[in-house]
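Presented below are the structures under discussion, each in the form of structure tokens.
Next come two complexes built around subunit A: one with subunit B, the other with subunit C.
Presenting the complex of A and B:
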């Protein structure tokens, strides 16, 4: 059978291509490699120093596109996978391939695809290659727009699990309508209204020796957004029927999630407010996996995403079993020529966010909260729980002094509850204050120097940190950066993390060579930001696209 | 597996022989406007003048630097070349609601879109942001560049002037 298929494919090649000529082939390539040296402080000791010494993650995508047809594939080769990635990524193969065609408004995808319904809290398949995250579907997706403003999507498939697929079958449907686009009588009014709804269900056989588990787990979501001039208000609510899993300790409680946003913005001023409540909303393609690798949904962390090295030491991650939180974000530009603004104006960014546990009460006197095989607990929707998970305030002020010099000052105050947030274990509430001063100086056209001075002060966990960075760039091709993080407040181990990196960019091809120690986190030098795993030694990163 | 690879390559090779060799045009992908409307990239229009598409995100500092730098000289660029800049944010739902306030707060005069599912990013083979494309009058991609270093906007402008 395989041979017949193979023959057919080969013989149909020329025929097939005639029907889809005038197409374009494009693609990209990325390779990150690392030569490792032992480093006890980073947890790279002789016991787990990779015997290969040299590890590499690489992939390439090829896409073929015509006006109404596209096909693509990705080949991955990890020999062996970099430290910090799951070992199940060791190996090579075609991990993504699809064909898609569009006829009379019907858009059909066969094979692998990424998808998001609404905000993603009910369904989101996505990739973050540099973090080793990829939960792409393998299946069929249809998209159809029967008339302007109405968009329907349906899909069925299994999710990627490393070089394999997760057990569960996911089925989903989503509809969204823009009232103003769909009804002519509304097309001219200032208020824009959008409503949408989704239904997602998962099937997984019940082989549990103790519990009778639901083999089909259904969930639904509804959402709206209203835009009126400078205002926007929107919300999404998700409900999931009982779904006992390793993450929720096999309780039979339903799950709920609510995310609401309000924003106002005009020239030089932007304010956004967000609130969320998440209760038992882990939704996995395999109920027995407690990790994130085959999540059907995506629960966004409503906190600011930082890029300064010391500000990324205590990041928040959503607690899927239950949390409530708020965020306020302000972006303001003090006008040029005003008393405070000076000649060039002043930029101000302020952010406040927090996250608390949800209130939980036992279902009856004899049952502990969250006991396996029970309904778990009851929860008052509007009542905040006793535990504070996270809180952060940040303020960033940027000021252009003259044509050559720009200063950016940042202050962060973080409360990070390590007993609950996945990351560091039980250090209790870690309270940290972080100061950053960044300067950007133009030496001459196309030559610039950028420096960062950072300090983190905390009495808990690993104590104080200091950091310095100097980066020299020559547009459009070269950069050289030297940095050092110093954990001088650490009582056990005062560690330096020196790192030197240099790079060359030509159009879409970029080489970056690094040497030194690297903490895990977002690494922003040489004009790009990317997630990097911890390492010690030489690194080489090559990216290209055409 | 090997056979699948060979057949796919064979088809691609075959197809390639028949395909005309011209610049890649902008792929047709649906993204969202900051008013939440679904917009197809086919509708990107600048009356025969060049279009710049720049990928960014609210958390990406080099991206903001690039867009700030272009913003400062945008009036002059438009006057001389009629160029239009389209800034496509790849922020996911963690930050998507902040995109409009962020862009407005920075006072950026660009058309802003959100590619929350990274569909356009994938279709254009973007590895990392910032990544900038230059499109000619026929909406063909004539130049692209990854990363932003201080002064890179001058190279972009030289490319725009060549059109």
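Presenting the complex of A and C:
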């Protein structure tokens, strides 16, 4: 593998024959593997068990950096991919390689790169390994700052599609100016202002004999953010020209997205409010793919990301064809020594979020809403639609009792409209109440024990769940955890999902071995989701870096 | 000076990108003019991989019907119910639309694993993943394939015996130009106008009780991979006849059934010619 990397370095040799010596080589490795077993209780028979029985996802990154040059690559080997990941990831190869150098202030990347313009609603290439998501660009990117405070980026490339590349060519330009940095007269004032704008265009040939398709689909965005003391206000608006695609059923309507934020923070108190409206904003490198695998842009879910097992059962996945929603997030620390705060203070986190459909009207009497080969529909920008997609309220209170014991109590109230959100199918509006009590107890130096007790109550879908976890950690080397999820409210099959896992860490290398059952469900990060199938088996995870 | 140079280079890039926008004012569609074909026409097999619980699949079925209307006899759609969404879900979704050959095709070509709905047009593209095509790509693929002439002509004769509910099928495969690969003949039965439940994410309610399932593949008479036509080289004018007989399942409505025959390249699985006939024509 090193040979390949050095080959990569040598290929750019004539230009940079000097200055790449004395660099630093670093890297990391990760493998996640699982041995799968039949499980009559979960309905896993020899027929639906993967034929390979043993599956593994693994990758390694190598990175070489000097002061003004870097080159790197990633090698992936998935033989074959773990259940729940797209089978098109089966295989092996170099999936990411790049060189980047900086000359006279011009930063040039050749090869693969990740990028984000603004909030990402117009362009975002990123990797989320747990989702099996990677829409990296392969092309050229330039970054340049002609004067202090002005930052320009332009790029051209194709996006990764498993071990291949998507058909479309993406061209993008982004400019951002910090007024306070650029103009000396503004450098000392308390109010900081940043203004930005982007333009992104995708080219894909029109070979369709029926539709007259735009081969160049463009979008633009403008954004600002203003910081004044403890306050911040910001917004981004994105407009996309006609982009008929499999996701929007080949309508020719424009797309729009608006995201606005307001926040206030000071020591011990933070409040942020956000609002968004998304209308026909799926923007793909290939108009024929209705999934999210080659999204040019990223539409944030604007909901809280949870980590407790039962709180992750009903996550929200962004509905790119149209949604509007709000989020309010509060954190507050009751001071030490106060009546309620006690000796160590009390931490409070509260969050509220919701998402509704947008209002849609037919374009005329004869055309159904969303009919292919039409303008689709009209939509009043400020009018909320009839369907509630999601709503969630969560409250977390953390309290350190003494030097050894800390308690964290969490309550969630979730409304999850399974008819619209990808994942479970038609169970209507699933209303769930979730309680979690976490305790962290230090037995002695380096020895700690953590427990979780969770309960989910719902009359819909699979009914009630209970969960318990106990985890013993000897830092920094060992941990042992035992947990069980019990779907005791399930009318068809009351199932236990026990798990035991243990880990060992030495310096930067970590081994974790587990055995247990995995519930079927949906896993989302930032509104992008993948389905997780039920399974039973041993898992081994190894990570290492140097 | 350098700064200025780069700045202008950026502005130049930007202005170029800015022109990269096509706005279609309408009309958004154009009429396809299908060249009339009098005899021995090329006919395309369109396999729609679907399932009664697949909420996006009705869009693909609609596309297949739309294309059938445009291309008429030159397009032969079949609906292959296979994979997770075609399973028995209990309740309203117990109808079994699957078939052994359909399940094997699905496992082999990886259609449901790639996410329903999708399909194959003459199985072109296998073994690269290009063989799996989204319904929005079908028109383009069909159009491309119809640009060439038929290499094979197939005729199907059926004889149905109502008293024994048995069917005899005779196929005649006529080679129209030299072909130097082994060929397989596949003969399957399909049924249309079956009323049963279907999930449709765009419908309200999403479970449609009286959904009309068309071109449902019921059975293959030639196993999953067809019968070898018996030669290694085929010359213009070669004619090969095959006969098949079976007793129909009592649940099938013979008046709504068709025989679909297609000849494929045994090595590449690519379909070279297809034909369809109603049993009770």
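Throughout what follows, the second predicted complex is superposed on the first by the 503 of 546 C-alpha atoms of A that agree within 3 Å, B and C clash if a C-alpha of one lies under 4 Å from a C-alpha of the other, contacts with A are read in each partner's own complex, and residues count from 1 in each chain.
What we mean here is this: contacts are C-beta pairs under 8 Å (C-beta built on N, C-alpha and C of every residue); 3 or more make two chains touch, one makes a residue touch a chain.
Worth saying up front: this structure is predicted, and the values here are computed from it rather than measured.
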Output check: A:448 vs subunit B and subunit C. Expected answer is one of first, second, both, neither. What do you get?
first
Please name the chain, subunit B or subunit C, that touches the greater number of residues in subunit A.
B
Now for A:189: first (subunit B), second (subunit C), both, or neither, which partner does it touch?
neither
Which of the two partners, first being subunit B and second being subunit C, lies in contact with A:405: first, second, both, or neither?
neither
Applying the touch criterion given at the start, work out whether A:77 contacts subunit B, subunit C, both or neither, answering first, second, both or neither.
neither
If we overlay the two complexes on their shared chain A, which of subunit B and subunit C does A:25 touch? Say first, second, both or neither.
first
Is A:307 touching the first partner subunit B, the second partner subunit C, both, or neither of them?
first
Under the definition above, what is the set of subunit C residues touching subunit A in their complex?
2-4, 6-7, 10, 13-14, 17-18, 20-24, 26-30, 32, 53, 55-56, 59, 70, 110, 113-115, 129, 133-137, 139-140, 143-144, 199, 202, 205-207
Subunit A residues touching subunit B in their complex are 2, 6, 9-10, 13-14, 16-18, 20-28, 30, 61-65, 67, 70-71, 73, 75, 93-94, 97, 114-116, 119-121, 126-127, 151, 176, 178, 181, 192, 194, 225, 227, 232, 234, 259, 261, 263-272, 274, 298, 300-302, 304-307, 329-333, 347, 349, 440, 442, 445-448, 450, 473-476, 478-479, 505, 507-510, 524, 526-530, 543-546
Seen from subunit A, its contact residues with subunit C in the complex are 86-88, 104-106, 142, 144, 146-147, 152, 154, 162, 164, 171-173, 175, 199, 201, 203, 207-218, 241-242, 244-246, 249-250, 252, 287-291, 370, 373-375, 419, 425-426
So, in the complex, the side of subunit B touching subunit A is made of residues 1, 3-5, 7-8, 10-12, 14-20, 24-25, 27-28, 35-38, 58-62, 92-98, 100-107, 116-119, 122-131, 143-152, 154-155
